[in-house]
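Below is one structure, written out as structure tokens, with a few remarks after it.
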Amino acid sequence: MAVSVDEAVSAGPTPDRPPPARRVRRRGHGRSVLEVVLLTVLAVVMLFPVLWMIETSIKENRDVYAVPAEFFGFTVTLDHFRDVFVGADGGRSALSVAFLNSVVVAGVSTVLATVLGVPAAWAYSRFTLKAKKDQLFFILSTRFMPPVVVVVPIFLMYRQVGLIDSKLGLILIYAAFNVPFTIWMMKGFVDEVPAEYEDAAMLDGYSRLQAFGKFTLPLLVPGIAATAVFALIFSWNEFVFAIFLTSSDDVRTAPPAIAGLIGGTTVDWGLVAAASVVFALPVLVFAYLVRRHLVAGVTLGAVRR
Amino acid sequence: MKDPVPLTTDRPGQVVSATPPAPGRSRRRLSDRGLAVVFVSPALLLLLGMSVFPLLWALYLSFTDYSATRGGPARFVGFGNYTAILTSAQVHQRALTTLIYVVGAVTLQTVLGFAIAYLISRRTHGRGVLTTLFLVPMMLSPVVVGLFWRFMLDAQFGVVNSMLGSLGLGQVEWLTRQRTALVSLIVVDTWQWTPFIMLIALAGLTAVPKYLYEAASIDRASEWFRFRTITLPLVWPLLLIAVLFRAIEAFRLFDLVYILTSGGPGVSTETLSFHVYKVAFLGFNTGTASAYGILMVLVVIVLTQLYLRYLNKLKEG
Amino acid sequence: MRHPKRVGRTSVSGRKVRLATAAMLLLATTLAACGDGQDDGTKASAPKAPATIPELTKDPLTLSFIWFDWPPAHALEDFANAEYKKERPNATIKVNTVPNANWHDAMFTQFAARKTDFDIAILDSQHIGEAVTNGNILDLTDFVKKNIDVDAYNPYLLAAYGQFPQAETGKRDENASLYGLPLLGDTWTMIYRKDLIGDKPPQTWDEMISVAAKCQADNPGVSGLAFHQANGSDAAAVTYNTVNGVYGGNLWNAKDRKIDGVLNDTAGHEAMDVLVNKMKPLTAKGSGNWFIDEVNAAVAQGKACIAFNWIAASGGLLDPKQSTLGTSREQILGKLGFATLPTQKTNLVPLGGMGMHVSAYSPSAQQAEALNFMRWFEQADVQRKWAAAGGVPARTDALQSPEFLNAGPFNQVYADSVPRMRDMWNVPEYARLVDIENTGVNAALNGAKNPKAALDDIAREQQGVLDSSNRKGGGGL
């Protein structure tokens, strides 16, 4: 069962099974058409909200509220995208500050989780540690705590050390949520690099640490990149901790800032849509970059094939 | 499963070319054990500090009537908070809502996700493109998903009702009727997470060795028979993992409720997570909220244990 | 799998010992840390602000406010930076804004943290009790005596935004302490379509309902009414409270802390019946989660005959860019009328708006600056300028000034409404009381509960909250 995700997700034909149409003749053809139709319908349904979001982001506000909804033939405007970055007074908008905060928080927490997680993953893969399995499962289970529950004691703890409403506080909690993932995901990648390489290097006189640094680590770089990207996506999208642990414009990340666009005195849906598009773009690009590792990525590294 | 998954990294050939250090250069080396401790402990310390410690703190507070704003000493109330929660009709109502939501959403996602994966696996062309397109919803932030569906489901100018209108169907109050609000929540969650099940099911489906099908086709086995005896048993374990994973995530659901319905109409879409939030931040009844949270964690632990056990079986089998 | 199976099963005892030690250590630290947490919270009442403003710093200083994101917040920042700077060139004003739904949580989580990134909290009048009881804001009684001309105000306005314990409707208790000063006055205005129902607004609640019904019947696609129904913030609760007041009901008996039997008396039930069975059928389908912005959108899109909204949130209605009612302010004003609420058994209207309150956790230099700002802000000429800048002042002279009355078509409505105002409870349990009422009224409006049962449940649950202070465990459920 040694099949990588690549096959499932990679583009291009994968002729490892004869198409069913060859075996079942006429009825098979009709069925094939039906399947294509079904798939198309499902794809349209799944993608429509995304398309509608993009369309709304380039509509003028009076078209946004039009009943019946306008699908084509509206005036295209990029004003909403300008409003995402430029404030009403011509300066930087609060949203753009929030985007910047998101970049900092997601970036630093990812680096932290990677720096802590990768060596741990290597150690878990290579050495026989006491209760290794228990440790690993304990590590994974911390990732499943309901955020709303964790936020209460975290709040009390941060209050003691003055981390409430600070980027560092968010960075730490995101790193703590990403470390389990990084360890599990990276352990899989380390397992794939034969330990014999390190053994051979050590026979040549390298220390274990040098062998890791010189031979294993370079081979892990693509895996580390993929893992980091998933950690980045998590921190980028996170909402619960962000809304309860931050309150000022200087610290607030993008998700609560976007959520804050509704509930004023008027809702500018065009702006909400434009902000959402801008916010989602990096994630989609990143997800595309790591498409080979998606299965492992979305199951916290627990399932890999 | 003996041989490792094909390396996604570059070829290991380069290893040979590196020059080894001069033999005999003696340096104080960390023992393997020491190295392991040095490498593992920072990560474990962070987890202890940020996950275990807060949880123990919450455990302590759950036996008190402590309030984060009122201050004052925490009075010890024994299991008072726990009995109050377990006997509260309010909590039972939220538990039922959460259960309906988890079962409804996860079932729908599994059926749909598996169906899409099956359909994609039967295509020979364009699989990659199709898969990538289907995965988009899953990558979006729940905030974006929630806001956007709220906009689309608006009874007056939302595009969903607008389309229903042009089909000659009446307006539906998606977010403001008891039944439809919960259905909307399930639909939106399904929209976002069907790709997750699809992705994992697809990984399972493409892993079914083709010779099994060939053997079956020689035996002239019916399609349904082949599906039932070959495909399903092989995909089932992976699918189960996906389902458990989704169940855990769905059980923790907060953000979508917060944005889509904020629990309404009335409290009919309040999930357990949302209720904990209200207890913790409206009245700042930190003690009660902690007990409530601990109980939720227990449920999650049970689910996680199931998840891990299956994972274990899968890896060993 | 590469790693051997079942590693470490051999050293069970060693592991257990280590785990136990770690757990004990953690628990010890936990207890120690918790102990720290409680020492600073034992004071049960608010610290006092000095009667005279301490000497102000000459260094550059930023005075921070916290409010929710709406036009008055931006107006305040612009106004204060333009005007206050003339007196204090080294001071910069920053108004932090949070989403409305997050407003209470954002302020009180910071209070709970004993560290605030704001110096002046703009609390809703009902938040005062919670903040005072927890010692989160300064007691301004002495400061007000020395620096503020209390006779220049309608006594109830002063009481509503500052006094605790709560004042009786319409009055101020001279002996009670003050914890805040008015920043922005507000109440509901009735917004009506002059082109659809005529220039003269309905005078009684019954008349209003029948006019709305007729208008809805005459104008397909336009609904008779639009008002707040959402279950967040205080949306649905204010709506019910308003109808309750108009129909002669009471929210509670403050003296005996009784809600059950008071809120759901005959008048209370009649009000709920009017709201759910007479008013709700005249609203748009799916309007059950509407709050300020949705009501505004309905009016701007020409989809409502009569709407109710907060005055401070109504400015956007006159903006031609957001409206389909006209291409200029004048054109829109030709179609939209603003009036005080109709009366029925009483003429009560809801008290809205917010006061300024000084954070107890702000550094003393900032607190001094905050006090100075408040003294400055409450002067007659500044209040007029604030009115001209789009704010709603509280001083009687400013309310009667042409600057205020000409600044917006709804300002006369506010001036006329001042003597008619009634507020909610401002007890420490406010956040929970309002949540119970919000969700209950929202459930009744959306058919999730029948109105009678909903009101009885609200009264019973609210009473439970007021009575639960001595219960052992489970508080907050």
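In order of appearance the chains are A, B and C, and numbering begins at 1 in each one.
Keep this in mind: a residue touches a chain if its C-beta (ideal position, glycine included) is under 8 Å from a C-beta of that chain, and two chains touch if they have at least 3 such contacts.
Chain labels with UniProt names: A = Carbohydrate ABC transporter permease; B = Sugar ABC transporter permease; C = Extracellular solute-binding protein.
Computed from a predicted model, the values in this text were never measured in an experiment.
Novice: Sort the chain pairs by how many C-beta pairs are in contact and tell me the top one.
Specialist: Ranked by contacting C-beta pairs, first place goes to A-B.
Novice: Looking at C-alpha means, what's the farthest chain from chain B?
Specialist: Ranked by distance of C-alpha centres from chain B, the top chain is C.
Novice: In whole angstrom, what separates the CA-based centres of chain A and chain B?
Specialist: A distance of 13 Å separates the two centres.
Novice: So the centre of each chain is just the mean of its C-alpha atoms; given that, what is the distance between chain B and chain C in Å?
Specialist: Once rounded, the distance between the two centres reads 37 Å.
Novice: Which positions in chain B are in touch with at least two other chains?
Specialist: If we look for residues of chain B contacting two or more partner chains, we find 1, 4, 52-53, 57, 61, 68, 156-157, 281, 289.
Novice: I need the residues of chain C touching at least two other chains; which ones are they?
Specialist: Counting only residues that touch two or more other chains, chain C contributes 1-2, 33, 101, 105, 109, 112, 232, 301.
Novice: So which stretches of chain A touch two or more other chains?
Specialist: 65, 124, 129, 155-157, 159, 191, 244, 256, 259, 262
Novice: For the complex, which residues does chain B have touching chain C?
Specialist: Touching chain C: residues 1, 4, 48, 52-53, 56-57, 60-61, 65-74, 77-85, 88, 90-91, 154-157, 161, 171, 173-178, 261-268, 278-279, 281-285, 287-289, 291, 315-316 of chain B.
Novice: For a test of understanding, state which residues of chain A touch chain C in their complex under the given definition.
Specialist: These residues of chain A touch chain C: 61-62, 65, 88, 94, 124-125, 128-134, 155-160, 162, 164-165, 191, 195, 243-244, 247-249, 256, 259-260, 262-267.
Novice: List the residues on chain C that touch chain A in their complex, please.
Specialist: Going by the criterion above, the answer is residues 1-4, 6-9, 11, 14-15, 33, 36-37, 66, 68-71, 74, 96-102, 105-106, 109-110, 112-115, 117, 232-233, 291-294, 296-297, 300-301, 313-316, 321-322, 324.
Novice: In the complex formed with chain B, which residues of chain C make contact?
Specialist: Contact set of chain C toward chain B: 1-2, 5, 22-23, 26-27, 29-31, 33-34, 38, 40-44, 101, 104-105, 108-109, 111-112, 130, 133-136, 230-232, 284-289, 298, 301, 303, 428-429, 431-432, 435, 439-440, 442-449, 454, 465, 471-477.
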